[in-house]
């Protein structure tokens, strides 16, 4: 029944619509921006009314917020956590640091370009983005989920070798020790 | 505590009283933008027309977020680098330091803060282009008071007006070390000034060296393309200061005084030699003859000598320096200072033949034949006469000649009431010199005081010394007494009439407003002119003269490829720094010409 | 049969951990046998970066040291540079700084209210206190132009004067907060579950206090009246009247009471500051930042943050770049040796609450 | 304050004649001590003179003098005096005495110093890694470690900004000014 093209499309549309209204955010504050997640999620801004709520573990989560800079040590954990998450999964980059290194562009311990290590669906401008901007970013994420364009996870699988190579460049020992995509 | 604590169980339940209250949730988000506060630090905005592209924002940015880029439709001009900032929002931290240091105040931050996209390459933000409507949403701005730029110049210590007129002691006392460091620290090192300097001196570099406490390095940098820097430090027309980035909202950096400070640390010719430590190339056997030891001739000579040429200067007067020696009063440029610099130039092997007037003591042809190349820096030795009735009276003279005579140590009888006609620096100089000889001095000028071409500092200095300025006065006649001596000067009052062609307003004499001013001497300071009688007829074809000046190409070369010219006799600006620039350019061209490159 | 110890990793991705860090626990059943803190997930090498910046623009990094409470760090940097270069700060600027510091202290304690209760399962408190904290952030936004990263106190004073009508807004917010604090008391301190989960838990023995260099509310919760604001008064704290609350229990409960009392004291301080604040300049001019050479020397300044003593050691070698900047964070000692020392014997379920009560702030530890 | 400080200086000088005092205003006491004397000096300060609180151990790399400097920052809660204890360590042979039996939290500070500067504390018990993980370059807080160079080598910068121009260069090119090499270090 699902096999013909049209009904597949209809099912996908309904799926995407449903997904966009129930986005569970992984509770992992990787950097500065995590401080604005608390107001975003609580009474004043209340992102839950849009369908965003916290999830304690990667298995339950749909979206990972990279809240700012990532140190080399964290990148490894983030990659691991990302790979533990189940598709469909999305990544949102917060602020300058994820785009081009931000304030820490010359720090030996923070990566500059997040999209070299993980597929990023939406970037939010700011250092750090305030809750209104965070919500705008999440709304944008919902929009692209609905449009079926939030396909970061597929991109990751397609270009796995390239991502792995980049990850290996900053963490030679660690990635070698770790089994790929098999957490 | 018992197992069941009644109060501890019930009290928390009072939280239920919140039930049914209106929540404080901002429900409009994200459908409506929430207005940020009045000084919110959001996305950048830049007023493209006001910005001069100094790049100070780019320098202060600790995140290397700001690039200076070329924008379509923005062209560089004097006082504008033609570049505009572009912010990488993948670097910016919205600290707004770029706003705080912007000298023009064109850069600001706005209330906008939402920018969301899937494309990581779309975060390059050209303020003012990316948000043309940002003007209305400006929030974090830097006002004159809040700016981190220091808009007020360190005042230059000067002699009091009353003290000054007693002697020819230098009026400007110069910065001390602390003042110089502080003044140098105001500079933002943009380098916009270097473009308008005729000689393109390395201004940001030497000011930075002064700020860093490396005065000797500063002197060395200055001597890279100016062999008479102390003279420039005292009397330069300093067009650099007109375009100073700081001057857009405040006083320009005292570039001239800082140069003066740096060069004064080289107290003698020997010390100068030691500090500059010039690299003199081995003699290459080629010779260059230079006519006139003015700034252009000395400059060409100095740099040619450094390049290994055998240089000889022919000078008509007893001292070198040309107009800077004879045209500038000693309270502005002490003779020792100039002699020190010329002594240094001589010390590297430049030969100067004094009291040798070309055309009289030696013919131009002889020089032309003797040397591999010739440079003419002959200047404007003559001055225009006033050209009114009674101009031939005794005591009516040209201000330029007067200064020449005073500077050569001659005595000139000017009586006790002097009227100087003109509004340029020569007029002010003559007036202030006369004042030092005890005369009461009046300056008569055709236009308004603000139209005077003289430096405003000079005008102020003259007024401090008790010199009276009569603006809008057109001299018509000089009255003579029975001995043929000047008795008075008659002038018409003038009104300013706007020029139809868009030029500056013209003075038009008012009929019947004749006024007579008593005078014992009248000095005309209405311009100088050249004397080219030394040039034999046979050269006239090649070395052409147009409107009183030699015609040269961009390399200072005349129609005769062997002959170069510079200084007042060539350029229209007729100041020392232009002459130095001419000499420096000519040196490079002569080097090229003779080495056959 | 002897039970075997199991290793548990608390973090870095864990909803209960305070920031991006990790505690490696060895547990026997529910009881912790040993603990080891692992940090470094947030190391950005600020101090190295500051050596590449100049004296002014390295101040923008300061607020990032500890994200929940940014202002004491800015204050430290400003005071360090001022003491190196002998800059006099106008009186008004000092008052404004104290106001900002105390507002930040309240905001941090409200954040702590949420964290402490969140770790014990009382999520209502988080909805309240973080929502109310936002009103303080609104004040900051109006004053400084930024919500979290204020970049407001800089060498020489503060960047902008108070906006029109700001005092009134502060007072209104304080009134509102005072009303809300009563609700907080009802919900939290009267709550028997909260009492039972905190009393006697996370006990810091007296002998550990000196040995571990314990500071701030943890120290005051053990009955020692020590606070940089009175020990080594900075800005205008010596002109203000306030109390240093202490408690005897040295457990989570005692520290919670200390923090609760501190919020009230901060409100009291801000009221006095607004009352006494003189008119006049709020900033002294500093040299052109690109050519600013600070006099050579070294200095160590300290301030009391909501978590305890923070200190800043600064060295200048007379160039335009700082030679060495070194921050001592309050959590630096609490979250490592002290935590490792007091965790054995505690219940796994309490680790998060204990870390919250010690004022753990991961970005401050590794900088 | 001055009397307290003078009294302390006298006491310290009596107990440690080699310790060099430097005078400062306010509540700052400043001593320079040989590195071998540090454990004894510090425990004397703690037990006899009331400097019970070790606020911090700061460290500076004086690469020009080929030395590391450690600064022990002590605080006396009773007398409200802060004490700076400076000591220098040879950069070629960076070994220092452990003091974590005097103050336990010194263990943390020393772990950081060991990792960031490469100073060894032979009798300190602590895990090898502290903040960094798998670090294979020279200790990063040494002055000769160039962080930007490391970043360029290890990470990427986002392309697209290559059209940036230098203001000074643009102007000098336009006007034909030739800036000599020795002057360039003073350009901004």
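Going in written order, the chains are labelled A, B, C and D, and every chain counts its residues from 1.
The rule we apply is simple: contacts are C-beta pairs under 8 Å (C-beta built on N, C-alpha and C of every residue); 3 or more make two chains touch, one makes a residue touch a chain.
As the structure is a computational prediction, the values presented were derived from the model and not from experiment.
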Between the pairs B-C and A-D, the one where more C-beta pairs touch: B-C
Centre-of-Cα separation between chain C and chain B, whole angstrom: 53
Separation of chain A from chain D, taking each centre as the mean of its C-alpha atoms, in whole Å: 39
Inter-centroid spacing, chain D versus chain C (mean Cα positions, whole Å): 24
Distance between the centres, which are taken as Cα means, of chain C and chain A, whole angstrom: 30
For chain B, residues contacting two or more additional chains: 24, 59, 62, 88, 90, 93-94, 120, 188-189, 208, 212
Set of chain C residues in contact with two or more other chains: 40, 43, 45, 48-49, 52, 60-61, 131, 149, 290
Residues of chain A touching at least two other chains: 43-44, 73, 99-101, 103, 105-109, 113, 127, 130
Graph class of chain-chain contacts, one of line, ring, star, complete, other: complete
Chain C residues within the chain D interface of the complex: 36, 39-40, 43, 45, 47-49, 51-52, 208, 210-213, 226, 231-232, 290, 298, 300, 302, 309, 311, 313, 315, 323-324, 326, 328, 332-333, 336-338, 341, 366
Residues of chain D defined as touching chain A within the complex: 132-134, 137, 140, 145, 147-148, 150-151, 154-158
Residues of chain A that touch chain D when the two form their complex: 72-73, 76, 99-101, 105-109, 111-113, 116, 169-174
Residues of chain D touching chain B in the complex: 158, 160-161, 163-168, 170-172, 174-177, 179-180, 182-184, 186-188
Contacting residues of chain B [partner chain C, same complex]: 1, 5, 7-9, 11-12, 14-15, 18, 24, 36-41, 56, 59-62, 93-97, 100-101, 109, 139-140, 146, 148-150, 182, 184-189, 208, 211-212
